[in-house]
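Chain naming follows the written order as A, B, C and D, and within any one chain the residues start at number 1.
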Amino acid sequence: MGNRAGKAPYKERGMMKKYIPEKKKIVGVLVLALFAFVLAQSLFFIPQFGDLDVGRDVSSYYIDNSLEKTGSANIVNSIVWDFRSYDTLGEETVLFAATIGIVLLVRRRKI
Amino acid sequence: MLAYIASMLLLIIGAYTLVMKDNLIKKIMGLSVFSSGIHIFLISLGYRAGGIPPLLTNLNFNQISAIMVDPLPQALVLTSIVINLSITAFAMAIIVDVYREFGTLNIKKLKSLRG
Amino acid sequence: MDTIVKTTARIMFPFILMYGIYITLHGHLTPGGGFPGGVIIATGFALLIIAHKESRVEHTFRQISFIDAKSIAGFGILLLIMFGIFFRLNIIQVEKSLGILGGLTLPSNIFGTIMVATTLVIIVYSIIKE
Amino acid sequence: MGDKIEMFSFYAILILLASAFATAVIGIKREGVAPYIAIASTFTALVLTLLTLRDVIANRIVTMQIGGWLAPYGITVVMDPLSIVITSIVATIGFFAALVSFRFVEERKVEYYTLFSLIMVGILGVLHAGDMFNLFVFIEILSIASYSLVAYHRDKISIEASIKYLIMSSFATGLILLSIAFIYGLTGTLNMADIALKLGTESGLLPIIFGLLLTGFGFKAALVPFHAWKPDAVMGAPAPIGAIFVLASLAGVYAIFRMFFTVFFITNISVYYLIIGLSVATMIVGAILALQQTDILRLLAYASISQVGYIFLAFGIGALHGFGYTAAIFHLINVAIFDSLLFFCAAVLIHGAGSSDMHKISQSVRFSPILGYSFMIGMLAAVGVPLLNGFASKWIIYITTLYVQPLLTIIALLVSVLTLAYGVKAFYIMFLTNSSKKRMRIPITMLVPILILVAACVFLGIYPQLGVQISEFVVKNLANIFYIGKVFGI
């Protein structure tokens, strides 16, 4: 695609702003502080650790029906490969995409 | 509760590394730590006090869902780990190329894009 | 790498492979399954790749086109899941308690293992080759 | 429940996935086959999507339980009017992008077309998803395929754009996963309809979840504080992928809409003010930065950011004035049409000139005037000139904002003027000051999609009732009660 890298005659606005160290650091610290605040805030609202008595009927269904409906005693495995196999298909596709991407990057040297 | 706090700390450490460090490898490490924080958080959401692993054996065959930990977050984490692995692997491959093209791993020195 | 590493890698390789296959085939009964099994098998290959960097491993890999194997495994998963979709959509609620064989999970685990292992071997191989 | 309707568009995903695998298997031996597989599979996907479009128009919502597991336990894919309209557009533009790529891509075809199919899989999967985690998985497919495609040229620009895009976007998807974890902790389910039922309105976690989701999907949709990846990524990627990036943005927009309407059903007005604020920033920043560009791909990337801002402006107005949602959907359709038209024109120019710098293009190659007129029509549609499709939707936006807050109308008009400014600039540099002697013909596979899109622009401009009808059909069926009922088979 030619030498698109060439000279860059336009002014360095926008993107360039992010690379001034001090400013970037300040913004970064602010963002992180906000993030930490949000996470700390969330600690007050999530359910009590180790307490699963409310609203896990989906998981209960998996536990109760895993053996007779999928024939698998390992419930996690039956979820991964049977109840939610579409997700697993997607996951394998992600792996495939990553491999093709890596092949794209290194194929110059012929694997 | 400690598990939640630990996972939140991991999230913050990961986000800090991701945002503040300039070295690309460190950034990717931050990303991994960040994802691990999410994974630990998910797993601990599924913990039941005194629960047993979600495996059916002869010993626990009659005991049902009331005493097992939640298996669904574990399945989600299994999927998410693979996705995270793919991202990390691809990132490493591309960082090799970054080093070849630019001779540096410092993200501040990558300046071919602007405007 | 020196001879000790090479020899150890060669001796260890079948055992690692066997362990990975065991993890895969037992995935529906004990902790394990497609992904862990695939990773363990890939670890064995990675050990070989790192130990025998330049010699005969490379020669072997040239002959096997890994992309083929992987895509075929991908096709396998795709077909299995499509099979699952059609199967259950058309003949709903068929009792398919196949006992120790584990219904659809066992074949899915095997295909998943092939997919993960080949992927990781390709990734390790191509990054090592850099 | 009546008889089961087969969801054909779901098989489009499987066919594209199969074509990705097939491309990798067959193409490694015979590279020339790859484009044909991609074109055939995207065309099949288009046909299947149109079949589902017919079903959705008849039945409003089509669902499918994958593997036969019933709704909250298995994964559900859902097609409601909102998703099928976007899916049809995505399938159409995806087919056109495959056609345009046919002559554009000359090397490493296997990887290109495999990743192209995967990116389509990702977008279509996001549009089909009726399950939060499934949505996340397909967003990851979309992301990884696009990181790889951004690195396609393997030169300095591509590699740098790819790594920066990877870092930013992975953080965003991490936030999405975190919010999914919160949702799971709160409700114990992942199915969107089930979440909508179980998620109360009281929990203090809701603003946090929604903020995280808005940030994550805002990255995908390139809203302004999170837009930095888009111009770099578009510049690094091959030009036809620019159109795909527009579609990917629309997938992000769709995800935000889905969160708003189905999962959370937000009625809090301050959230809409937040959306309006973000959209105004997006419009202005996108247009101003587009003015400064000399690279056609970057200019178009900023232009599409600015147009996404318009969609969100209309969407935010929607809570205050009912017609806003209609405008948002209609503008979304139009943005997909004219932005991809512009990217395809840019692809022809870059294919001829071998560079994406506008000055270099004007010096090195000259095409037949059809291309110039097409580009002009695309740009004028983006500006919102009467008798073109952009005008119809922008007119509704102006009218609705005038009812709510005239200041927003002024801003929208001002941004349109800025759009005109950079459109004229790009057109002037590339076509009017063209000093090249080298004449080239436009390849037929590139010309046909461009002409079809021009026809669509003009048609929707002359006959906007069609677009308004489609959008109103979508808006009428947005209420999540239909969705939930259909998912649970009631």
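To be clear about the criterion, a residue touches a chain if its C-beta (ideal position, glycine included) is under 8 Å from a C-beta of that chain, and two chains touch if they have at least 3 such contacts.
The model shown is predicted, which means the values in this text are computed figures rather than measured ones.
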Chain at maximum distance from chain D, centres defined as averaged CA atoms: C
Which of B-D and A-D has more C-beta pairs touching across its chains: A-D
Centroid spacing, where centroids are CA-atom means, of chain B and chain D in whole angstrom: 28
Gap in Å, rounded to a whole number, between the CA centres of chain D and chain A: 21
Between chain C and chain B, distance of the C-alpha-averaged centres to the nearest whole Å: 23
Interchain centroid distance [CA atoms averaged], chain A/chain B, Å: 8
Contacts with 2+ other chains: residues of chain A: 5, 10-11, 13-15, 42, 46-47, 56, 58-59, 62, 67, 73-74, 76, 80, 82, 84-98, 101-103, 105-106
Shared-contact residues (touching 2 or more other chains) in chain C: 30-31, 35, 67, 70-71, 74, 78, 81, 84, 116, 123, 126-127, 130
Residues of chain D engaged with two or more neighbouring chains: 17, 21, 24, 66-67, 69, 133, 137, 140, 144, 147-148, 151, 154-157, 185, 190, 231-232, 289, 292-294
Complex contact set, residues of chain C against chain A: 27-35, 61, 67, 70-71, 74, 77-78, 81, 84, 95-99, 101-105, 108-109, 112, 115-116, 119, 122-123, 125-127, 129-130
Complex contacts: residues of chain C adjacent to chain B: 30-31, 35, 116, 123, 126-127, 130
Sites on chain D touched by chain B in the complex: 133, 137, 140, 144, 147-148, 151, 154-157, 159-164, 166-167, 170-171, 174, 177-178, 181, 184-185, 190, 231-232, 235-236, 289, 292-295, 298
Contacting residues of chain A [partner chain D, same complex]: 1-6, 9-11, 13-15, 18, 38, 41-42, 44-47, 54-59, 61-62, 82-87, 89-91, 93-94, 96-98, 100-101, 103-105, 107-108
Residues on chain D engaged by chain A in the complex (per definition of touch): 17, 20-21, 24, 66-67, 69, 72-75, 77, 108, 111, 114-115, 118, 121, 125, 133-134, 137-138, 140-141, 144-145, 147-148, 151-157, 182, 185-190, 194, 198, 203-205, 208, 211-212, 228, 231-232, 289, 292-294, 350, 354-357, 360
